Each structure stands twice: as structure tokens, then as C-alpha cells.
Amino acid sequence: MKVVAQYLMVLTLSPLLLGVINRVKAFFGGRKGIPLFQLYRDLFKLLHKTPVYSRSTTWLFRAGPIVGLGAVLCALAIVPFSGRHSFLAFDGDLILMVYLLGLARFATVLAALDTGSSFEDMGASREVQFAVFAEPAFFLALAALARGTGQLSLSAMFAGLTPAVWQSAASVLALVTAALFIVFLAENSRVPVDDPNTHLELTMIHEVMALDHSGPDLAFILYGAALKLWALGALISCAVLPRHSASWFVDSGRFILMMFVLAAAVGVLESIIARLRFLKVPYLLFTAFSFSVLALMFQAAR
Amino acid sequence: MLFSVVSVVVLLFSALLALIFNRSALKTSAVGASGAVIASLTGLIPVVKTLIVPARETLSLPCSLPVGSFSFVLDPLAAFFLVPVFILTAAAALYGVDYLKQFDGKKPLGLAWAMFNVLSASMVVVILSADAVPFLIGWEAMAAASFALVIFEHEKSQVRKAGIIYLVAGGAGALFLLAMFALFGIGSDSLAFSSFTRPAGGLASVAFLCAIMGFGLKAGFVPLHIWLPEAHPAAPSHVSAVMSGVMIKMGIYGLMRALHFLTPWQPWWGWLLITIGVVSGLLGVIFALAQHDLKRLLAYSSIENIGIITLGLGIGVLGVVKAIYPLAALGFAGALLHVVNHALFKGLLFMGAGAVLHAAGTAELEALGGLSKKMPRTAVYFLVGAAAIAGLPPLNGFVSEFFICFGAFTALRAPIQTATGAVLTIAVMAAIGTLASACFAKAFGAVFLGKSRSLKCAAVHEAGPWMGFAMGVLAAACVFIGFASPLLVAPLSAAIACGFGPRLGLEFSAAAGIPLLYISAGALTLAAVLALITVFRKFLLRGRKPAAGPTWDCGYAAPSARMQYGASSFVQPLTDFFQPMLRTQRHYSGLKGFFPAGADFHTEANSVFYNHLYAPAANLIKRLAFRYSWLQHGRLQLYILYIVVALIALLVCKL
Amino acid sequence: MHTTTAELIIVAIILLDLSLAVSGSLAACIRLAAAQGVIAAILPLLAGSGAPESRAIIFSSTVILLKGVIFPWLLTRARVKANARKDVEPFIGYPASIILCLGAFAAASWLGTRLPLPETTRVAWIVPASLATIFTGFLLITTRAKAITQVLGYLVIENGIYVFGLALFVEQPLMVELAILLDIFVAVFVMGITIFHISREFDHIDTDELSQLSDWHPQRDGEAE
Amino acid sequence: MIILLMLVPLLAGLSAFLISDDGRRRGLLVSASALHLALTILVFVARPEIIPGDWFGLDALGLLFLGITSVLFFGASVYAVKYLSFEKYDPGEDSDEGFIFNNQPEAVFIGCLLLFLSAMTAVTVSRHLGMLWAAVEATTLLSAPLIYFHRHKRSLEATWKYLLICSVGIALALMGNLFLGAAGIKAGAGLDLESLLSKAAALDPAWVKAAFLFLFVGYGTKMGLAPFHTWLPDAHSESPALVSALLSGALLNCAFLGILRAAQVCAGAGLAGFTGDIFILFGLLSLMTAALFILGQRDYKRMLAYSSIEHMGILSLGVGLGGGAVYGALLNSVAHSLTKAGLFFVSGVILAAYKTKHISEVKGLFRRLPKTGVLWLAGFFLITGTPPSGIFLGKLMILKATLAGGHYVAAAAYLFFLAVVFAGLGRIFLEMTFGEAPQAGTSGKLPGESRQMLIPAACFFVCVIILGLYMPGWLSDTIAGAQRLIGGAV
């Protein structure tokens, strides 16, 4: 029951993260900013619109958002909630999760390619490029956690992450968290990898791929992006919140709070640094990769 | 075993009939294809039986030979390899019925069908052999038959070049195998597998290296792979499917059998296999990324997949040596299952590529595009293959890659050395996975999505019914394995137990049973979720008609199909990054003057190893041969002098 | 008793080798080779103790007939028909020929020490002389341009072999020896015919022209396909 | 019966000079060779005893080589009928240099051919080393006119080289025989094989060694071992196809028999190690030479000749290794003879159609002469030892013995040269077989593919393939018997 409640909570709360990010950014920009719940309204509005399809597209263009959303929904079933078991937890589930996110990416990219628009193709090209560098870093970060905790499922790993582990292996966990954070930014197309607020198609990654989508399709994409933000953010929150109390409510509250703190941190980050040049992004991801490798080395040396 | 023999006989007999009916394309196709299908169906009976109830059947033909004997054995490992062979050859034969129609009237098809069936038969013989001599006979028949098929369109000089490279690679590989078997047979008069003595010490390592070279040449280990990207595109597509799907796996099969005779293994063998896997996997996919030709791309992707299989084999060997059995079991399982999976989806993809080539007359990615509108069925099948080969759930490619990755994860807590191997495996698998998905997004996108880039795509038609059926069967198999993976535990564990010891079989069942159930559940969930969302979307759009318009062009007034992002542009950030390995050559004739006429820019992803390793070596030997050709100078006096000098030297040294 | 005579013959054969090596005239060479053959043919008569057997006499006379009369006649005829120039046209100078010849003697005598003859034959120097003659024959073949000199060289080699064979007079059925002789005869005969054909086809019998068949293609130098 | 074996071709050959009618002469050739084959089969069945002291007799070794020679000659005679009728009506024109030439009178050709068979038979049945020598020299002299069948400059040059080099070489073998005699003086062994073998232990080892060296170099010249092989490519490329086939398939084996006889004596004298090293060394040298010259080869008949050198190297290597390798070497010699003869037969058809021996000018065989193309390619696979074939089994057995004997360097070199040869041959055969055929030449009329010229080759190839799948008991026994004779019964 709790598991279902957790899952529903994720489904309802994740669009709020984007609202938080935007409010924080507006605060730093000295603006009032859009309402916190704007995304909910947008989604609602979009679901009721009639889409417009390009003549060059096929069924794949329509299937892209569906698969993208479905895959992320499934991936979320694997992601732990406040260090507690999710309902699709098994040994090796992290592999399934990463590959499900890959499926979502693959579907989005193909849908973008279906339009035959150079801009969307360009975005798709960048999306796959960054994934190539981000995914090994992500995998190795999880491998470091697995070696540290001796567990092979995400839920068990984070459940096994106690304050004692943090005390004894703070350096490892800090490195892992840093790596995860970079991957989190890259995979969700946040600054410094991508700027969701830019208005020039040539410089975008994720947004540009959705240029042609409209109506419910666009709603699925936006919602899927919000869920993905939660999915990856949850891993970081779980990593930095090692303490588990007996009460599910306390834990959940703390965890959700942490998620918003994370969103706020992203907002702060986006306000104080600029987007990197595309050529530099691989270096950033390599940094994450080296953090993961370093974490593994420290872990091995312990 | 009886049915296996029947299937080989049917194959050979139908090959003969196909030759006899050479005059009529219809008859020869009917005979050839029906022979292959009947043989596959009969052949599958004992195979499935052996996999369900592990058993060991033997057969010995009464043939007197001075060395070797005609003995055969069907055990679970052999059966496991026979499954893809039978399925793929049957599908490819059906596909070939339609595919070869384009040559009707231009070429007699009898030889092509005969060679196809001989190729199938020879693979069965290789797998069933329990003696070096029938093994090598099957092996060489396989090489010769596939060579004849590669050279099918021998009027093209490109094809002849591919043929020569393929031939030489095959010949060299066979010599290594000869050496390997000779080493195994050192201690006995016989060359039967059962009589092999384990070579001691250094000789074991030499035998292992011979196996790596001999089988690696067939499997396409980097840098022994150079024949592969030449030969596969040259062959007719259903043959490419069989070659890439199952024939190169015979190298893996042979390696597994050879490992069996080489116990105890050395740790460095595992490391060597891991290295080969890493290098082949990464370079294979990186080269695949840079290709312009769909069939070449698929050929390089085969190298990548062979890399994955070898990686699995490598961690398996390492696991056994270091006594980390879950790692070993999962590594071997991953390798084995990937053999089957790759046969299915690579066969499917080559058939898709063939359908495209057949329809559009070219497999050049930059000239294609938008074909999914004209060939919707082929597009769906190709998409299934592409997603499967990228290792995406819920398809079969994910399951085997999961085994290897999961195996590596289980070994993370192992001592530092093994853990390093595990970490390397994880990182490389992740990189290969994403690169492959980029590569196949490019391939699928360039061929089937967007708008057509050239006039060639205008007259495109959907693939013929048999072609469609063959692809459909393979696509269904890909989906089936993805969803029903728990069913694989028993046959896989039987094959592992047979090939690598019963302990590993049990270990595999223990380690993989539960995760596979979850994966299956995950796949079903995904399917359910997708169905739900689709229904939801239908519900939202009820009674509304989506409007149609042009693609958003960011305000540019007159876009043309040629202005679409090309396949090379799509991967350009990645190929730029890997330029040191790819050594892509750029040819640019820039704009000159005030009224520039035309400009041209194209890149060529040449075979790096061929240009920088083999061609110089071959030239060196040729130059050496040339330098010493004055020995045969034409002068009698010189010739007599050789005799005198040799005689004197012999008298001085030997008397 | 005969040992001294036999040794004298050996010395004569060696001297003839030397003169073959330095002789510049083709006709002289033919005569020298014939003389060598005839002298060697006397050896079997001296082999046994006491009066020579009838078998040895038949054999010796056949050899003398063949080498002293028929071969010189054949070769001279070939030379005249082929309109060959008079000199032997060596590739190397005469001093070099002599030095090579002497080197061959040295090598031959070294080899002779390695191969001690059984005590039954008391003639010294048979093995070295025989080997030296063979080497001289090789010298003629390898350093002279004309086809005729090559046949001549072959004959000298044959002489060398006979020196050994006859001196030792290895027990053999007469039939076999006659078959061997017949072969040699036919060989020289066929060679003569061939030289005749060569002179007709090529206008002269220098073997320079006879080097068309080769695997040496200098024009392709440096070209790597 | 053995005398009859020599006598039949001898008499037939002599009478061929007298017959004036082409058809009858050709009929005589075929019937004489058929009779010879029948007699050979009879000998195989009857296995006549060897009478000590007799000059002629057949042991397993002689029987094996006699069988090869007889079968090959029968194939060649069938081939010759059609071949000669082609030659008769096709004016001799050499497309390489464009000169016109005449052929030798057919009477001389057929006569010499039959006499050549007689001489080769004599080689295989000789039990006396002097007789053996005389017979080998006779083969040289009798085959010289055969090589000079096409009367033009290049064939004359080839004939001259063949004649001189082989004669000089065989002269050395005579010296070797005499040395062997000298070795046996004390023991009173003579040159009769029986007495030599029975008194082998008493022979003077120094003389036996010297004798073996001379015999090896002498017969090795005739056999075509590098570096004495120099006549071989010339003679094979310039002679008519069937003569090349006989030279490569039968004559080289006969010369090899001479060496084997010497090796037999040496093994009896306890010098097997001494001979083994020499066999291995020159075997590898031949392999290397063949590999080097096949790579850049431009003439397909020369290429076949070098491939023969390669195989002679393999035989030598196998015999040198002893044990199972001897069996392999003998099996290889059987299979090689058949395969190479078949290939030469096919090359004759190609030459007749394309009028050139240049590899670069022969293209699209598969298109223009499909049956020939298939046979040509099949021959390639067989000659390179692709299983199933007798050559493959031979190669495998030799390799196994090399490794089992601990000759790792030799094994590596062996494999390397085989690979180079395979690559070199592969390129050549491929370039010739595939591709577009050139437009039918100016001559207009194509000789086409004569069944009669292809069937012998096809039969030989089928035999070789069968040898790789099933070894008949009688052949296996013969080879095993021969192996024991050479001293490979380890």
C-alpha cells in the first residue's frame, strides 16, 4: 500500500519540482516568476488541445511521446523513495532502470528524426552524444555504491546507506553524489548542459526535439521530463539522506523536502552559472566519469 | 541425432537439386528454400528435445581415415548453437525466394541456392562434430560456400576485392585451427575430441592463442575483422544475414569448445578475452557509427556484438579462474544468449537492409530517407531489430546485455583485480549500449524517417511477401525472448553445464532466476503502461481531427529535402570525438572565386586496420618477394651455381 | 705394380682440369675433355691385380670409343654447324678461373680426408681428383657463356664421376653400366641436337639470349600493388 | 608381369614412330596406357613377391608411385587425343609475342610420351640403384622432346635448361650411387637395394652420408626442391598441358622415389636423424621459395609449377619428420599428383581459349567457360588443402607430427608459408575466375570447352575429394607399407 502511495506521490509531485526551480530562478533574477503550479495548468491545457502534425511524420512521431512517458513511468517504479523499497526492486534493477531511460531517449530521438527538420535532428544528435558520455559515469557511480553497500538493487543499496557508511566513506559517497548530480543535470537538460529557457533553436537539446509536438503529445513529453527529473533527483536525495527513521511519514516528508531543496539548488545553480559551449559538455561529463572512477578507487582502497 | 542427420542430408540433397534445376529460377528457388525450411524444422526436433531434457547423443560414421573419424555428438551446448542456425537459415531461405528474384534472368540461381544450403549444412556439421577432421571439413565447407555466395555478384570489382580478403582471412584462420587441433592431438593418434589431452604449460597457451586467432578470424575480433565489413555488404542480403547472424558465431562456438579442452585456464586468458571484447565492442560500434552504407554499418555492428559476446566469455573465464562463480555463470550465459539474440536481430536487420537495397537500389544512407511511408512493414521490423540491438527493454538484446552487466555487478565486491575487470565491463557495456543506440537511431532515422533525400526513393515498393514473413518471424522472436526470458533459464543452464561444468549451470539458475522474472514483469508492465497511455490519448482525441501542416522550419521559407540533417551530420559530434581511432578522411573541394561553381564535401571512413596494418604488411611481403625474384633470373649459369653452392654447403656442414 | 701408373693418371687428370680451366679455345677444350675421358678409361684396367679381366677390357674400350671419338666428333660438329666463335667467352678472367680451380682442389682434398677409402684400393688421391674434376666441370658450366661449353662442362663432370667409378671399379652388373653409358651417350646426343636448334632459332649459341624465361621483372621495380 | 609393364609402353612407343595415321596413333596411345593401367591394377591385386637379387621388383613404395604414374598417364592419354586434334587444326600462334610456330611431328610426340611412361615405370620397379639412375636419366632425355612440342624460342630455352640442369643434377646422383657403392665395398653390398638394406648396418657411415648428400642434391634437382628447382617453372610453363601434368604429377614423384631409396638405406644404416634434418631444411626452403614466387606471379602455368615446388617441399618435410608424417607425405604425394595433373589439364583448356598465359589477361573464366571455371576453382581449393581432400589429411598429419616432434619453429614456418601460398594462389585464381569476360577475341571461333579434356581433371578431383572422406583399405595398406619401408614406423 505504502509503495503505491509513494508512487502516486511521485506522479503528482514531480511537476512541482520544475515550478520550484523556476521560482528560485525568478527570485535570483529579481522577477516574480511564473506560478509554482504553472506546469500543472499547462499540462491540463495541452491535454485538451487538438494536435497539429507535420505531413512528413508517421505513426512513430505520435508513438515517441507515449513510449517516452511509459518508459519513464516504468523506470520510476524502480527508483526508491526515501530509501525504501520500490515495487519493482530486484537484484540488477538499476540496469533495467538505466536501459528504460535509454528507451525513452531512443523514442524521443526517433520521433524528432521523423519530422525531417534539421533543428530537431540536431537536438537529437546532441542528445545521443551526451548520453554516450553520461551513461558510463552514471553506471560507475552506481557501481561504486554497489561495491560500498554490497547490494545489487537500487532500493537495497540506498536502504543500506546508513550514517555509519557516510561516516566511514564520506569521500566515496561525496564523489558519487557529485557524479550523480552532474549526470542529473545533463540527463535533464539543465544548465550548464542545456538551457531550457533559451529561445534559439540552434542552441537547444531537449526542447528542440519537441518543437513539432503539440497537444497531448507535448503534454506527455513535458510530464515525462518532469518525472525523469524526479527519478534522477531521487537517487541524489536518497544518497544524501542516509538516516532512516522507523516512521514512514517522517521519512517521506524528509525525502520530499529534500527533493525540493535539490530543485532549489538547481535553480540557484542555473542562476549563477551560464550554459557551457557544446564542445565543452563532454568534458563536464568526463568530470562526472572521473568522479565515479575515483569513488571506485577510494572504495577499493578502503 | 537421426533427425539431425536427416536435416543435413536434406540440405545437401536440395543443394544438388537446386544445381540440377539451375535453368529455371522458379524451380531452383522452390527446391532450395523448401529444402532449407524442411531441414530446419526436422533439425529443430532433436535440438529442442536436448535443450528441454539435457542429454548427450552420439553418432559415429564408419569411414576409415588415416587420421580422424567421423564422429558427432549432440549435447546441450551444440543444441543451443543449433537453434539460431536452424531458425535463421530457414527464415533467410524464405527471404531469399523473393530477394533473388531481382537476379532472375541475369544470373543462374542454382549455384547460389546450392551454396546457401551447403552453408547451412556445414554449420550444422561444425556444431555437431566431435572430431577435428569433420569439424575442419565443415569449417572449410562453410568458408567455401560463403565465399561463393559473397562473390555472387562478381562482376563488381568491389565484390572481388571483398572476396579475396575473405578468402585469405578464411585460409589463414583455418591454418591456425589446424595448428590448434594438432596441439590438442599431440598426445594421441586420434583427433577425436574425447581423446584430446590437455597440452601442458606453455603449449596450452600457444593452443589458446591459436584458437583465438583461428576462431577470432571467423568471429571478427578486432583487429582480425577486416574481412567482415567487406564481405557482408558484398553478399546477397539473406546471405549477409546468415553470415553475420550465425556463421561468425561458429568462431564463438569453436572457442567455447576449445576452452573446454584447455582447462585449467590461465588468468591472462580471461584478461585477453576481456581486452578483445572491449576493443572489438568499442571499435566496432564506433566504426559502425561512421559508416555511410547501411550494410557496412551492420557489418561493423556485428563486430561490436562479437565484442560483447567475447566480453561475456572473458568475464566468464576470469570468474572461473578466480572462483567467483556467479560472475562466471552470468558471463557465459550472457555470451551464449547474445549469440542467439544477435542472430535474431542482426538477421532481421540485414534482411531489412536487403529490403531497402532491393527497393531503392542503394544502401547509401545519405541517399535514402522517409521510407517508412512506403515500406511500413519493413520499417516496423527494422525498428524492432534496431531497438533490440541497442539493448533496449523489453526486447531480447536487453536480456543478454543484462546478464553481462549484472554479472559484472555481482563481482564488484571481489578482490581488486577481478573487481577492476568488472568495473571495466560495466563502463564499456554502458558506452557500447549508448553508442549502439545512437548508431541505430542514425541508421533507422536516415533510412526510414524524415523525407526522402533522393529520387531513388520515389519508386520504392514494399518488400515481397516472403521477405516480410521472414522478417516478421525474426521480429516476433526478438519480442518473445524479451518478454519470456524466464523460460530461457533451463536451456541456458543446461548449455552452460554442458560447456563449462554443472556447477556453473546451477549457479546460473540461482543468480538469474529471480531477476529474469522481474524483467519479464517489467516488460509486461511497460507494455501495459504503453497501452494505457495510448488508450488515454485516443480518449483525449476522440471526435477531434488533428490538423496537418508543414514541419516547423524556424522561419526558413523554402526548405528542401536535401537540407535535412544527414546521417553523417547526426553522428558528427561523436565521430569527431573518436577521430583519432576512425581516421576518417575528408575530401573537400571548397568554394573558389566570386562565382563558385559547385562544392563537394564527403568523408570516407576507411578500414583503419586494413590501411594501416594489413596493407603495409602485405606490401612488405610483396616487396620482399619482389626483391628475391632475381633468384629466378633466367640464366642457366646462375641456376647451376645454386646447385654447386648447395652441394658444397651440405658437404661442408653435414659431412 | 699398377698403383704407380694409376697415380700418374690421377695427376694427369688434375693437370687436364687446370688446363681446361685456362684454355681459351673451344676446340682445345673439346680435345682436352676427350683426352681426360680416355685417360680415365684406362683406370679400370689397372684396378685388379694381375691381368685385366675381359669385362674390364670391354668396358674400357667402350668408354674410350665414346669419350675419345664419338663425343669430340659430336661436339665439333655442333660447333661447326652452329658457327660458334672460337673462344669460350668466359664471364671471369683466366686468373680468376685458375684461382677458383685451385680452390676447388683444396676443397676436394679436404673432402677427401673426410672420406677415407677402404683399404682394398691403394690408389691415393682418387676422391680429391674426382671431386676436383667435378668442380672444374661446374666451373666450365657456370662461368662460360656458350651452350657448347656447358655440354663440355657436363662431360667433364661425367669424367670426374668416372675417375671415381672406374678407379674403384665398384662391382656392378655390366648391363647396368652399359645402360648408364647409353644414357650419357643419348644425353650428349640430345644436347647436341638442342644446340643445333638453338643456333637455328637464335642465330648464335650464347646463353645470354636464353634468359627470357624468368620471374625477374626489373621494370616493375619499386611498384607495390 | 613387371617386365610386361615396361615392355608394353616401350613397344607401343617404338611402333608409334612407325604409324602414319593420326587416329590410329592416338588410339594406340590410349589403348597402351589403358593396358598399362590394367596391368598396374593387376599388380596391385597380385602383389608379386620381390625376388632378392632381381633388378626389378615392386615393394609398397614402388607400387604406390607406379599406381600414381599409371593413373595419371591414362588421364593424360585421354586428354591428349582431344588436345592433339586441337593442336592440329589450330595454327600455332603465340599471343604474347605474336610469332608463329610449328608443332613437333605427332609421331615423335606420342612415341616419346609412351617411352617416357616406360622409363617412369622402370624407375618405380627398379631394385638396383644403378638401374634406377639409368631410368631416371632416361626420363629426362625422353621428356625433353615433349617439352619442345611447340617449336619456338621459349620452349627451346625451357628444354635446354631442363636438359642441362637435370642432367648435371642426375650426374651428381650417379656420383652418389658410386659413393654408396664405395660405402659397401667392405661389406660387399654392391648397389642392389636388397643387399644394401640387408647389410646397411655394415656400411661405412661417412660414405653413406656423402652418398646421401649427392643423391639428395642430384635427385632433388629433378624433383624440384629449392634451390635446385630452377628448371621447373620454365619447363612446366612452356610444355603442353598434358606434359606439364605428367612432369608435375609423375616425374617429380619418380625423382622423389630416388631420394626415398637413399633415405631407406640411410635409415637402415642408422642415419635417420641425419637425413631427417636435411629433408626438413630443404622442405622448408622449397616452401619458402614457392611462397615468394607465387606472390608476384604473372603466368598461371608458372604459378602451378611453383605450387608443385611447394608440395615437393611438403613431401620432403613430411619424410624428414618421420612417423605419421611419412604417411601424410605419401598421401599428399598421391593427392597432389592427381590434383596438379587436373589443374594442368584445365590450364590447357584455358590456354587454348585465351591464347595467353598471362594471369592479367585471363578474366571472367566463370562467365566464358563455366565448367572450366568451376574446375579451376575446385582445383584451387583442393591444391591448397581445403578439406575434404587427401592433401588436407596429409597436411594435417604432417603438422601434427611436426608439433608432436617438438619442431615448433618448423611448424610455425610451415604454417606461415602455407598461408602465404594460399593468399598468393587465392588472388590469382580469383582474378582469373571471376569478373567480366573479355569480349571474344578477334579470332572469332572459340575452342570452347571440350568435355574430353575436362573429364580427366574432374575425375581426378573427385578422387582427391573421396580420399579426404574415405581411404580405401588397399591404398591405406600400400601407404602404410611404404611408410614402414622408409622407416617411419615410429
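A, B, C and D label the chains in the order they appear, each numbered from 1.
Here is the rule we use: a residue touches a chain if its C-beta (ideal position, glycine included) is under 8 Å from a C-beta of that chain, and two chains touch if they have at least 3 such contacts.
What you are looking at is a predicted structure, and each value in this text was computed from that prediction instead of being measured.
Chain centres computed from CA atoms place C at the largest separation from subunit B. Of the two chain pairs considered here, A-B and B-C, the higher C-beta contact count falls to A-B.
Centre-to-centre spacing of subunit A and subunit B amounts to 36 Å, using the average Cα coordinate of each chain. In terms of their C-alpha centroids, the spacing between subunit A and subunit C amounts to 97 Å. With centres taken as mean Cα positions, subunit C sits 67 Å from subunit B. Subunit A and subunit D have centres, each the mean of its CA atoms, that are 77 Å apart. Across the assembly, subunit C contributes residues 111, 114-115, 138, 141, 150, 210-213, 215, 217 that each touch 2 or more other chains. Multi-chain contact residues, meaning those touching two or more other chains, occur in subunit B at positions 622, 626, 629, 632, 636, 638, 640, 643, 651, 655. Contact of a single residue of subunit D with at least two other chains is seen at positions 160-161, 164, 168, 172, 206, 210, 233, 293, 296. Counting only pairs that meet the touch rule, the chains in contact are A-B, B-C, B-D, C-D.
Those residues of subunit B that touch subunit A in the complex are listed here as 369-370, 372-373, 376, 379, 383, 387, 390-393, 398, 401-402, 405-406, 409-410, 412-413, 416, 419-420, 422-423, 426-431, 433-435, 437-438, 441, 444-445, 449-451, 514-515, 517-519, 521-522, 525-526, 529-530, 533-534, 537, 540-541, 544-554, 559, 561, 563-565, 569-574, 577. Residues 63-68, 132-133, 136-137, 139-141, 143-144, 151, 154-155, 157, 160, 163-164, 167-168, 171-172, 174-176, 178-179, 181-183, 185-186, 189, 191, 206, 618, 621-622, 624-626, 628-629, 631-632, 636, 638-640, 642-643, 645-647, 650-651, 654-655 of subunit B are the ones that touch subunit D when the two sit in their complex. By the touch criterion stated above, subunit B contacts subunit C in their complex at residues 619, 622-623, 626, 629-630, 632-638, 640-641, 643-644, 648, 651, 655.
On the side of subunit D, the complex with subunit B involves touching residues 160-161, 164-165, 168-169, 172, 206, 209-210, 213-214, 216-217, 221, 227-228, 230-231, 233, 274, 277-278, 289, 291-293, 295-296, 324, 327-328, 331, 366, 381, 384, 386-388, 392-393, 395-397, 399-400, 402-404, 408, 411, 415, 418-420, 422-423, 426-427, 430-431, 434-436, 468-471, 473, 476, 479.
Of all the residues in subunit C, the ones that touch subunit D in their complex are 111, 114-118, 120, 130, 134, 138, 141, 147, 150-151, 153-154, 157-158, 160-161, 164-165, 168, 170-173, 175-177, 179-180, 182-184, 186-187, 190-191, 194, 197-198, 201-202, 210-213, 215, 217.
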